[in-house]
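The two complexes that follow have chain A in common; it is paired with chain B in the first and with chain C in the second.
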Partner chain A sequence: MSKVNSGNLFVFLVENLIWVLVLVALIVFSLLSDKFLTPFNMVNLLVRVAALGLLVIGQSFTLITGNFDLSSESTMGLTAMVGGLMIASTVNGGLGWEVNPLIAIAVMIVLGCAIGWINGTLITKFKMNNFIVTVAMLMILRGVTYAISPGQSTSFFPELFDFLGSGSVMRIQQATGRFLPIPAAAIFLILMFAVSHVVTRYRRFGRNMYAVGSNRSAADAAGIDSQRVILLVYIVSGLFAALAGLLEAGRMDSATPRMGSGMIFSVQAAAVIGGISLFGGRGTLIGAFGGVLLWGILDTGLNMLQVSPFWIEVSRGLLLLFAVFLDAMKVRYLHRIAVRKALTGNTIGLQDPVMT
Partner chain B sequence: MDSQAGTPVLEMRGIGKAFPGVQALADVDLTVMPGEIHGLVGKNGAGKSTMMAVLMGIQQPDEGTIVIACAQFKAMTPREALASGVAYVPQRIAMMTPLTVAENVLAGMMPVNKMGFVNWGQVYSEADRRLKQLGLEMDVRARVEGLSVAEQTMLAIAKALFSNAKLIILDEPTAALPRPDVDRLFAFVRSLRSHGVAFIYISHHLEEVFEICDRVTVLRNGRLVETRDVAGLDTPTLIRLMVGEDVKEFAREGSQAPQRTEVMVVKDLVRRGHFEEINFTLHAGEVIGIAGLEGCGASSLAKGLFGLQRMGAGDVTLGGKPYNAMTPMAAFEQGLAYLPQDRYLLGIVGARPVRENITYPVLHRLARAFGFVNQDEERKLVQDYITQLGIVTPSAEQTVSLLSGGNQQKVVFAKLATTRPQVLILHEPTQGVDVHAKIDIYRIVSDLAAQGVGIVIISSEVRELLGVCDSIMVMYRGHITERFVVGAPGTTPENILIAIEGGAVNVAQ
Partner chain C sequence: MSPHVLGSAIVQHTNLDSRGHYLSLGQCQAPVFDALCLPFVHFNACFQSTVLQFQWEKKMKKVALLLVFGVLFSLVLSACTAVAPGAAPATPAAGEEAAGEKITIGYGAPELSGGQGGIMAGMELGAKNQGWEFVSNNANFDASAQANQIDDFIASGVNAIVTVPVDSQAICAAVKKAKDAGIPFYTIDRAPIGCEINMTVQSDNYLAGKQSAEAMVALLTEKYGEPKGTVLELQGNLGQNVAQLRGGGFNDVMKEYPNIKIISKPTDWDAAKFSQNTLDVVAAEPVDGIYMHSDCVGTVPVTAALEQLGKKVKAGEEGHIFLAGVDGCADALQSIRDGYSDQASSQPIPDFGVVLADYIAIEFAGGTIEEGTVTRKAHHGRLPRSSSPTLV
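Let's turn to the complex of A and B:
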């Protein structure tokens, strides 16, 4: 983050508010339940939000450029189903091909990228509205998933295919003497957020994303090919949707035709809570990770307290409203600071009554 | 002046451009030398914007040639204009405001290391180095949204130079700046001039033209009046060149208001930051003009009275009753109507027919049982206005956007007239309409005045105001600074323009 000097401390806090909220939520839930803040619970929390988190990464790429991809939940469902069909035996709903899991994974990833490419091409080349294109794709892909499914789920996959979702990379011996498995999904989620943070902050492509999202015409004028940037972020979104499909299929050891259905709202919400602006150009992947964590903490915490799922849904809605409210306040506050600085900085100030 | 040396950066010769019903430019020449700051002045609608649109490749001229960087063009595309080194710095600067100064400077060419990773240390030092080369000290880590308007303007100029601009168009760069910032900006522009960068400087503030420009080109009604050295030129002469002397304008007959009943009294109206101490009385059948620069407060005043913005504090009475409109509908009901400056944004619903546009505000009056509109009555009302105002349209069902500018404006007039207002505020009523339509519009104004409507016209067309108004108020920086009675000695276009510019006028009235 940028340098902090005393006057900007408040701004710094405002801009990193998500981590303050994560901390507060952790403290509150650990006070309410002594089973909450255990290593086992924390690690599982990461696994539960892993698929959501991968979708949030893809969504954040599109949001930063001022776009969005509502179809990613269907992409996730379709890629998982395609993978399942390829590797499961006929008894378990597959096509009986039982291909090598690595080939199935490769096909899923290519499929996800191809869907993203179609979205991006329709939006950039044919200048079609991104809302309509991705909603249409949301419906089409879900329909295709049901149509090709055997009418039920495909399940019982090879271990290699399931590794990302349910494997563990190592075990750590705890003080109690029990072993705590470190799931591959948790590590993968953190790794992917780290990689995407580095890409958005340290790669030209990432900086161009911010430029396009901040002011597309100014970016074009600076020689940035905004069409290409937008096409690429949709491909990235498709890629992460496919990874989410792989992870979720592995976690459940099955692919159902309704996998991912309805998740897109949680995805958008977690990204916005994490500080990614719906208007583009603002927010970081680190913040988005915080949004995913907060989502998971709230979910797990309220579950442990045996709050009814209906009230959990209400609390999610309230959290989202709160996040958007904070975002609006933040923008207004930053703007006011900027105006004040502009008026007092190097000029004599409000000498001109006609100034805006 | 060293600006006369070398070959011109830009030569536009015999540029002509016609829009439906308006000759926007006719045979205009413009030559800019390297290292020159070239002023471009003229009233609204004189052709400045069209000329610049041609130069930037946004409009294709009908006639003429453009020679730039030794290449000759009949017409340019925006891409060719950019490639030739033409850059445009608008009044409202388009930048990536959530990002830092450094990112804005280096957008599209961020320095990366061998692995292709952005090297932030180098980003900041490179941006800093480039800005310092131009003599700009700026915190490159600051976000652009936190910069003052002057700094943003300088940054925009710097950015243009980094992409090899040789000719920079500054469009009203000082409109929102306090004086110290104007000084900083001018110092920056002058320092660049000595490096051979050429500027075209568009401004309504004539004193700034004298302060910073080497030569000035005056346009009037789409024609070139003259290009002159600024040295040896004075404000009255420049104003005379801008206004012209031989134009026939509309003159209202019997412009003395015969009825002296007060329709509207405004007392001590104040809205901080917009206007202060506004006092005037409008009589039935009287026409008052308000003249002033962009941002002088007249626009806020009109919108405030009509309920589009806050009105501020003060006493306003209309027809003897206290007046306060929070919404346009409330204004209509209390007897005030407003013709907006931006016809396309606020005046007409372009995609709908003439009939609907005229009757929007009075549908409740035409409505019968269960809210159904009485169509016979509606059609008759519309037909009456079409005849009365001379709206040229194939039928009442014609889509408004297909009419000429003048006829669109008449449709707006008809709409306002249906509300039977006691007070009518007109904001630049003749903007973007041709000469004949102008005369028609002023005839409508004087007819309405003859019917007893009190009228306020906000316009930058001083001659037109002189032709139609009984008196003219000048607003400057939120205050009414001068009041001219039409017909009195001293009420001349020159004096009014000097007052508009903020100068003191000694008028014997």
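Let's turn to the complex of A and C:
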């Protein structure tokens, strides 16, 4: 009996390990640097991971259904560039249309969803391999971004367009008398994680996602339209990529043709570290949020400690390996429990030494 | 680091010949301060620069001229300090502030390959010269990562930020944050577009092109007795202003010599295209000289292509094709030593940071930088032969 408990405890710990790691990282870095655990830095941390976080949300939707969307970084770059071209003046690299920022934002979101729809349709309707489809899109969209820009940045956007990325919703007076702005990006990120957690956890669509990711044929047999679920998660991924593009363009006050380039590795890593399984069907958005935070804490902390950039890369790689190792352990453990249950459940009457 | 230490570095890396060849420091042109061909300081957008050029007398060309450019410049620097100790570094100014807390310079590199590593090393040396702490980051071509790293500099409270912007426009958001936090902002190699910073240091690519053109004219005049002939210009990526300036400087000089025919071919900085264009043009035309927008990229493929055509001939021998270029990379210098290349207009990459540190020190001390402010004095023009022994 006690063994069962310790087993469940193990699963519980592993499921929530990310928050233990986040806490440990926070403590370690604040001990190592007195500049680390300041309100400014903590708020800033959320802003710097905001675009990454939005991509992780989109990625988590696809990962939970057992798919992935490698093109999201290029979707982010393209939507940001399209938005930038529409609103920037010709002097600042735009087309000189200088449309209303809200129209530009709407176009970006529609474009993001449309790209997701194309991905999803190719994968579900045409039964094309999701890896190849999204890698092809990764290249195509990046190429299109360079072609339309052409190779130039657009910058200096209206304040309304920048609000999500660099605006602040309120200012808190600190003890020192200085005002700490609460950035819109930080609030938006938390809000989006909360909404997507509720959707994946407590709505039918979310439960269908997990069902499709765990066992697609079983889900189909249970009457779930898995094609539709997968199409939808790709659209969601495109949507969040567009939001990430909007946020990042606002934060930098410019859209560069390289924006997001190479980010997909961090996105996958943060999601996996946060407990989203690459095999589908497992992990929560709250965990993914922890993964994003840990990624940002490591980035900020190691930078501030003046660790060589090369070693920062190594530490991230090690962290990722550790996360995958835990995931594999978890799978093995759960598998063993399932086998035991199956054995004890059959008629031979063998008693499982652990389960009883 | 004292000039003497710089001097000893020269001993390690160079083999100066004392048999009478000389180094000529190209036309360190007017707007350059009263400094030797030293830096080229920009105030926000204004452009001046330093390009060091070296040539050697024809009759001496068989003398091995072993000079690595970076070391050459160190040598020049040492010369400056040696000649004019009065204008030595502004360390005392920094010392005053250091009384309270240690001064830290945060340096954001856009990437660390090629020349960028040299620029960062120069800034580190400059900071060390002033007795400052030096911390650095590498954005690896990613403008967002650079923005994050500058956030970290601001959060950790550095006294000044120096970057080579990944993106000239995107850097402005970070510049604004630094300004809000009251931290001075400087750039090297590239200037921001659309926002003001304290100062930027760049080399003058236009001057570099001009110097190569003047050298080419001199070589052609020597060959034919008058400026005439055919020159192949291997251009960089013309979408970038670096290539436009290197081409502009060259062609503005060449315009005045109607008997010199220029054939221009774009290469996009691609070694394969340097090679292909050389093969195509040299095979079809009586080319007398080749001007490369980047001798870093071009020297090896161009000489290999000439060899393929049977036209790789040493300077002074019948059929030699003059090779000139901008950058002054190791390959080009080796080719000069070997007798195949004739000229290089070089960038003082290792000294950008050293010089910038002097100006940062002035601002730390409460001073302002005016155009024409000189921090280091040195000789104009030719480096005197007599100074070599003291350096080596």
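Criterion: the second predicted complex is superposed on the first by the 323 of 356 C-alpha atoms of A that agree within 3 Å, B and C clash if a C-alpha of one lies under 4 Å from a C-alpha of the other, contacts with A are read in each partner's own complex, and residues count from 1 in each chain.
As a convention for this text, a contact is a pair of C-beta atoms (placed from the backbone, for glycine too) under 8 Å apart; a residue touches a chain by one contact, two chains touch by 3 or more.
As the structure is a prediction and not an experimental result, all values here were calculated from the model.
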Quiz item: Which partner does A:R203 reach: the first (chain B), the second (chain C), both, or neither?
Solution: first
Exercise. Give one of first, second, both or neither to describe whether A:R282 is in contact with chain B, with chain C, with both, or with none.
Key: first
Quiz item: Which holds for A:S217: it touches chain B only (first), chain C only (second), both, or neither?
Solution: first
Quiz item: Does the superposition put A:G151 against chain B (first), chain C (second), both, or neither?
Solution: second
Self-check item: Which partner, chain B or chain C, touches more chain A residues
Solution: B
Quiz item: Is A:T38 contacted by the first partner chain B, the second partner chain C, both or neither?
Solution: second
Quiz item: Where on chain B does chain A make contact in their complex?
Solution: 82, 94-99, 103-104, 107-110, 112, 116-118, 120, 141, 143, 145-151, 159, 163, 176, 178-181, 184, 272-274, 276, 295-297, 477-478
Quiz item: For chain A, which residues are in contact with chain C within the complex?
Solution: 33, 35, 38, 40-41, 44, 48, 51, 92-93, 151, 153-156, 166, 248, 251-254, 256, 258-262, 299-300, 303-304, 306, 309
Quiz item: Which of the residues in chain C come into contact with chain A in the complex?
Solution: 135, 137-138, 140-144, 147-149, 151-152, 155-157, 166-170, 172-173, 194, 239
Quiz item: Along chain A, where are the residues that touch chain B in the complex?
Solution: 2-3, 198, 201-204, 206-208, 210-211, 214-215, 217-219, 221-224, 277, 281-282, 334-335, 337-338, 341-343, 345-349, 351-356
